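What follows is a single structure, and I will ask about it in a moment.
Read from first to last, the chains carry the letters A, B, C and D; within each, the first residue is number 1.
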Amino acid sequence: MIRRILKTVAGPVIAIVLALVVTAVFLTVAGYSASSAFEVMWDYGTTPESLASTVNNAMPLYFAGIAAAFSLRMGLFNIGVDGQYRIAALVGAVVAASLPLPLWLTLPITLLASMAAGALWALVPALLKVYRGVNEVITSILMNAIATTVVAVLLADVFRSGGGQNTGSAPIGPDGSMPVLLDLGGRVQISGFLPLAVLLGIGFFLLHDRTVWGYTVTVANLSPDAAESAGISVKRRIVTSLLASGAIAGLVGLPHVLGTAHRLDGTLPTDLMFTGLAAALLGRSHPIGTAIGALVLAFVERSAQVLGIVKLPTEVGTLFLAVVLLSSALGYWVVENGERRLALIAAIRRARAGRTKEASAV
Amino acid sequence: GGKTADTGSASASASGPTVALLYGTTGDFSFMDSAYKGFTEAEGEYDFTPLELSSPNTDDYQDRVDLALSQNAALAIGIGFQWQQPMSETAHPDTAFVQVDADAGTVIDDVTTISFAAEQSSYLVGVAAALTSKSKHVGFVGGVDQPSIQNFYTGYEAGVHSIDPSIVVDKTYLAPLGDFTGFSDPTKGKEAAASMYAGGADVVYTAAGGSGQGVYEEAAASSTSDKKNWAIGVDADVYQTVADSIKPYILTSAIKNVDVAVKTSIGEFLDGTLKPGEVRYDLSNDGVGYSTSGGFLDAFADQMASIKQDIIDGKITVPTAL
Amino acid sequence: MSAVTTVSPAPRSTDARRVRARAVLSWILLGFGLILIASWVCDAPGIASSSTWGSALRLTVPIAVVAIGALYSERAGVINVGLEGMMIGGTWGAGLFGWFGGPWLALVGGVLGGLVLGLLMAVLCLELGLNQLVVGVAINVLAAALARFLSDIVFSGIDGGSVARSPRIDGNVPRVSLPFLSGGFGTPDPLRDLEAGGIPVVSQLAGIVGGLTRDVSVAAIIGLALIPLTALVLWRTRFGLRMRAAGEEPAALQALGGHVHRTRYLAVLVGSGMAGFAGGYLVLISQGYVENQVAGRGFIGLATLIFGNWMPGGVFAGSALFGFSDAVGLGRPETFTAMLFVLGAVFLVLAALRVRRGLGVRAAVPSLVLGVVLLVAALFIPLPSALASAAPYLVTLAVLVVAGTRMRPPRALGQFFPRRNSSR
Amino acid sequence: MTDGQEVLVRLSGIVKRFGTFVANDRIDLTVRAGSVHAVVGENGAGKSTLMKILSGEESPDEGTIEIDGRATVFRSPRDAQAAGIGIVHQHFLLAPGLRVWENIVLAGEPGGPVFIDSARARREVTELAGRTGFPVAVDAEVETLGVGMRQRVEILKVLYRDARIIILDEPTAVLVPAEAEALFAAMRAFTAAGAAVIFISHKLDEVLSFADDITVIRAGRVVGTAVPAETTAPQLARLMVKAEMPVVAPRDQPASDRVVLETRGLGVRGDDQVAPLADVDLRVHAGEIVGIAGVEGNGQSELLAALIGRADATGTVLLDGDDVTALSTVDRRARGMGYISEDRHRDGIVLPLALRENAVLGYQQLPPVRRGPWFRRAEAARAAAEIIAAYDVRGGDASTRASALSGGNQQKFIVGRELLREPRLLLAAHPTRGVDIGAQAAIWSELVAARDRGLATLLVSADLDEILALSDRVLVLHRGRIVAEIDARGADVGTIGEYMTGARGGEAAA
């Protein structure tokens, strides 16, 4: 049991240590002091405000990570999360702002509408894949670009509210916004999306690892032919996996729209897909791992903001992120190879011990 | 410059009050660069402790305002209209706030908002374009189809048509709203300009950040002995920064003195004269303007000056998209 | 669908070749005819003007080059999602080298910049067997971060340089035109006069040919030449055969004594070098490195590769389609309308062909519907101008819906091949 | 044994370990020039491993290789090829997207240092194919070829490299008798020219009639050598597994009259003008095994696909009198159709998954493994354990990955999985392909026992002996149509062969 935990933890830990080392090398070569950089980052990142903000900022990454994981489990690469969440964020912002209903009704409707929009955007790659054999990566890339245009046209010509430089949809009142879950005073607040994230993780785990549907997805991913012979429709798994991925992706923009900006405007972050994907990869498409990955990445982003104080470029944060992504893969490689080595050595030792025992028994 | 990290806290190693610059990142060939330039110039002239809080992220404005407060900044200058929300929602009893590039008419309690009349400078370069164009056909290349860029076009078009309503004005935005690659894609800028010049335009005004470089290149590249093509730059005096081979094709630039705004705010703050409320940077106080480098506008200098005065005097009202 | 042509290694009988040539010729004629009609119906001379076609050519090059580079790596069995990053590496390398040594060295620097990241990818994917998608994504993020970080160190504070751009590169690679047709080498330029002359058909033809042959940068010519060169490498050389084998069934290659790793390394490196070259090409246009100037072209290159079904001809068709619609999107609105008109008409012709070939009405439905929609949109509906910037994506998507080629990726794509298949 | 002819290959003391598992344990092997040397042994005995060592694909942990009396060390397959060794792998190693000639000349292309002389390559391959009696379509893409053709390509790869030592790892497992005959004739031609052939097979009659020398391997060790003249199949079999040749006792009770499977006008349309399957009317009764004989590629795959519900088929399929034509695969399986697929690695088993997950493949929608939406892993593990125990699957437990099992044990596991559910109808395709005779005996007796319990079985096999041994009736498929129905008792192999090749009764049954 302890071994298992050690093994699970070892990968990410090695990854992060590696990333620290590589980033430190870069900083040193560039003539900066790495230790002071890490020190101020750590000091700032561990303040209560930063920790709360880390948790909140991790949630969209986590949603994006789970969305990626949904498709990765079916052997698909949903590179369209980007477009899906932007469309869904627009839909969510419009629904939340315009429904004249109490919060307990508006909120679920908003979530569902956003998820439906994300799923709808994923439907195009799914259908083209299944009926036309077009790789989902290419369609997703195209759909991302088209999403940009569609959101632009809708926001500029249909849903724009107010004037000035800010192009935003109508503001969302308290009856549409996500309430704060925990308010510890000051700016230490935890967003109401947290329970949703936890539920989503549990649901993902159960669905993939405990249901027949999850089993059929595993088989369809590993061997489509075996799946067909076993009566599992691979096409249907592809479509449902991509739709589910798109639906989850639909949640990615909501913490910002319903919790921070209270409208859809130019401040919606646009690079959540890759960071979320990094979280999923860091966590091996497992919900807990993805959550940890998202927290680590959010922590780095938050704590890197402080670098300007010591005249360091904030790019260090991005650099660190990129290296974490690479070293996450490396970390797992080290763990797996190490484990195989260890197992082999143990087995040989056991075999030798057995032989000597035999010999002494004779 | 000094690349070694300051380990001590910012205020320990330098004297004077802390002034924080809250901005995106430099390198946008536009007002971030300009703001940063003003900030560094102020550093040389005044005595204060600089605190640069830059972040390319679009979603952590509040974080950076908090950070500035936690570092005991006496003055925090936010570059961009996005600072409006955090600056109006955060209590700052010991810190002065300045928001640069606010919308005209933005009033926030206890915050100095600075807005620029970019449409006025655009109007004037429009006038210059109309006076220069031989083909009676000019163009506009915008980086991203967003209101702040549309505002440049609105002023420009009005300026062109004030001289001759029959002049055709082409316009192209390189990217739709929300797609900021339009500000950093010189390849597209060049092709968009190429299409306009080939279609008959002989003056193209560009408000496209880094993509503008492509427009300047194309003005030079597409000029022939029969038809000289001009480009009009934006934000800073582009004539000073382009290659010598391109200089002859830069008619003028519409200038937006963000650097002056930043520097002046810091100076006023240190003098104790910075007051909350709206400050408008327009033609009247040289907050915006146009450049005359290269002397290509010398022939119309008087005409331009009188139009400028008319705008200042309110005889001409320049339309705005904001 | 004609967009995806296969270069086949099998020597076909001259008869089959003639049929093929005739088909290609008639499609070209049809296309030209439709362009003529469109330019008249939509009052859009831009659709056949030399500036549009010249733009299209220039916009095609970076996408074609990065896609053809990806072809190497993917044909050898290594998924390349890191193209965007390699291109970014190329732009930065080109900025650095070009600053010191001018435009030609900029291209070299671009190649080197791509190679560095390609080497990283090769080592991680081929030696350690890390997930190729992960490595690709990581390379994209890493390249962007590194470019900025290094710019801050190298370019910041230098005259003309900043964290987001390199000092400007002086001079440019030469541009050439066809002599006696489009004014190359000081000869007269009759095509320009013909285009301006306004004689129907002749003027349009002169516009298209002139646009494609006038003032073409040598870098663009090198880039486009990579496509036939790649076809040659792929189908006619030892390396090409081994590369295809490594991507189809590496074990077969190894069992016959081929070197899977050597081949894959070479393919990934060649591919990354080309991606870097594409970055260098962009830098030559902007006369310096500009942050984010790659602007997603690496991803488009990947899409183009898949669109082209991993064939050089398909890659060319895909990138040309993309480049052309990009050029049209940057031009005047009526040109965009005209392009929609042409596309709609082509789809209708396709639908008719499918019905006539007895493929059934069902096979013709997608192209019929899309064709009608496009024609109606082109002729009767005022389109929002923002739509034009999405033109290349919409057009590519439409073609995919209609064409629906059966994709045939290399069979071992994405599979790790350990150095020795025993546990030593 | 070494008298007369020179020794071409001498392996001595070869040891190969995979982790702690010893696949080859001090193996000695001597092959004479001009001879056919058979290596026989159970599944997993270590035959293929030994051959990979000889062909340079694996390096031995201990032991020496001598070629022509000279000790050699192979660092790569290339070294082995240079020494004149060529191997046809048990599992084909062909690049499916490449053309036949490209597969053959790969890594040894004629032409300059950069370019391939493709005209010469094609000419050489065509000539070689004609000369050696393995005609192939030189320009065809390998993925369009059937197994027989692919085997030819594999052999041509070896011949193209002028191998003097030709290793054939179970070459006949996928061949129909006529194809196998041709292969043996060609083998004779090679040995006549002075080459040596090392040949692995589980079909002992082949071994006895074509080999000059025989080496028997069990559990990684050489347990005996023999010459065909002095040994019999049962003796060999006993050496290999300490088990008798499988025989099927004549059945004591007749099949029931109840029709379990009936098809009417079953057909599958393909891309070509000729439908791959047409007008198939057949009936299988409870307690009956119906064999489908035919040269591979004559509609067997399509018939199976149509019956299990994977192909777009015309006509009607009745299961126990109910029309199941419109039902999906999963519904058909739920109604009691079991399916042993043609190619276990392709669709019989999921190699990277544990046996636990593989034990319920195809039954994932049924209780007990399914409860509501849930997948009950404990039930799956129990099913796996049951199969492992009942069908003597060796090499792992419920948590072992399927890929860790040898081919024969994988096959036993699949048979066990399908029979465990007590289906009404079993579609069994090549149930003993590539399986050693011990396992073969086990599988045969399970099939017979199930038949006696009332199972209706449709048996498709390339092995005519198997069909004749197990079936009550034999249907012959030729060009997608059933051309003959023959009572298996007293059936004549020659007659069936004539039907199979179309030499007889071409139109009779149409």
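FYI, contacts are C-beta pairs under 8 Å (C-beta built on N, C-alpha and C of every residue); 3 or more make two chains touch, one makes a residue touch a chain.
Computed from a predicted structure; not experimentally measured.
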Which pair, B-C or A-D, has more C-beta contacts? B-C
Between subunit B and subunit C, what is the gap in Å from one C-alpha centre to the other? 35
Need the CA-centroid distance for the pair subunit A / subunit D, whole Å please. 46
Averaging over Cα atoms per chain, report the distance between subunit B and subunit D in Å. 75
Just how far, in Å, is the C-alpha centre of subunit C from the one of subunit A? 31
Listed in rising order, subunit A residues that touch 2 or more other chains are 30-31, 148-149, 152-153, 156, 318, 344
Can you pull out the residues of subunit B that are in contact with at least two other chains? 3, 25, 145, 175-177, 179-180
Enumerate the residues of subunit C that touch no fewer than two other chains. 153, 163, 296, 386, 389-390, 423
Could you tell me which shape the graph of touching chains takes: line, ring, star, complete or other? other
For the complex, which residues does subunit A have touching subunit C? 26, 30-31, 77, 79, 124, 128, 131-135, 137-139, 141-143, 145-146, 148-149, 152-153, 156-157, 274, 277-278, 281, 313, 315-316, 318-319, 321-323, 325-326, 328-330, 333, 344
Residue ranges of subunit C touching subunit A (in the complex, touch as defined): 81, 124, 128-131, 133-135, 137-142, 144-146, 148-149, 152-153, 163, 296, 299-300, 302-303, 306-307, 384, 386-387, 389-390, 392-394, 396-397, 400-401, 404-407, 409, 423
Complex contacts: residues of subunit D adjacent to subunit C: 16, 18-19, 55, 57-59, 76-78, 81, 87, 89, 93-99, 102-103, 105-109, 111, 113-116, 118-119, 139, 157, 161
Of subunit A, residues touching subunit D in the complex: 210-216, 218-219, 222-223, 225-226, 228-233, 344, 347-348, 351
Could you list, by residue number, the parts of subunit B that touch subunit C in their complex? 1, 3, 25-29, 33, 145, 170, 172-177, 179-181, 184-188, 190-192, 194-195, 197-199, 210, 213-214, 217, 241, 243
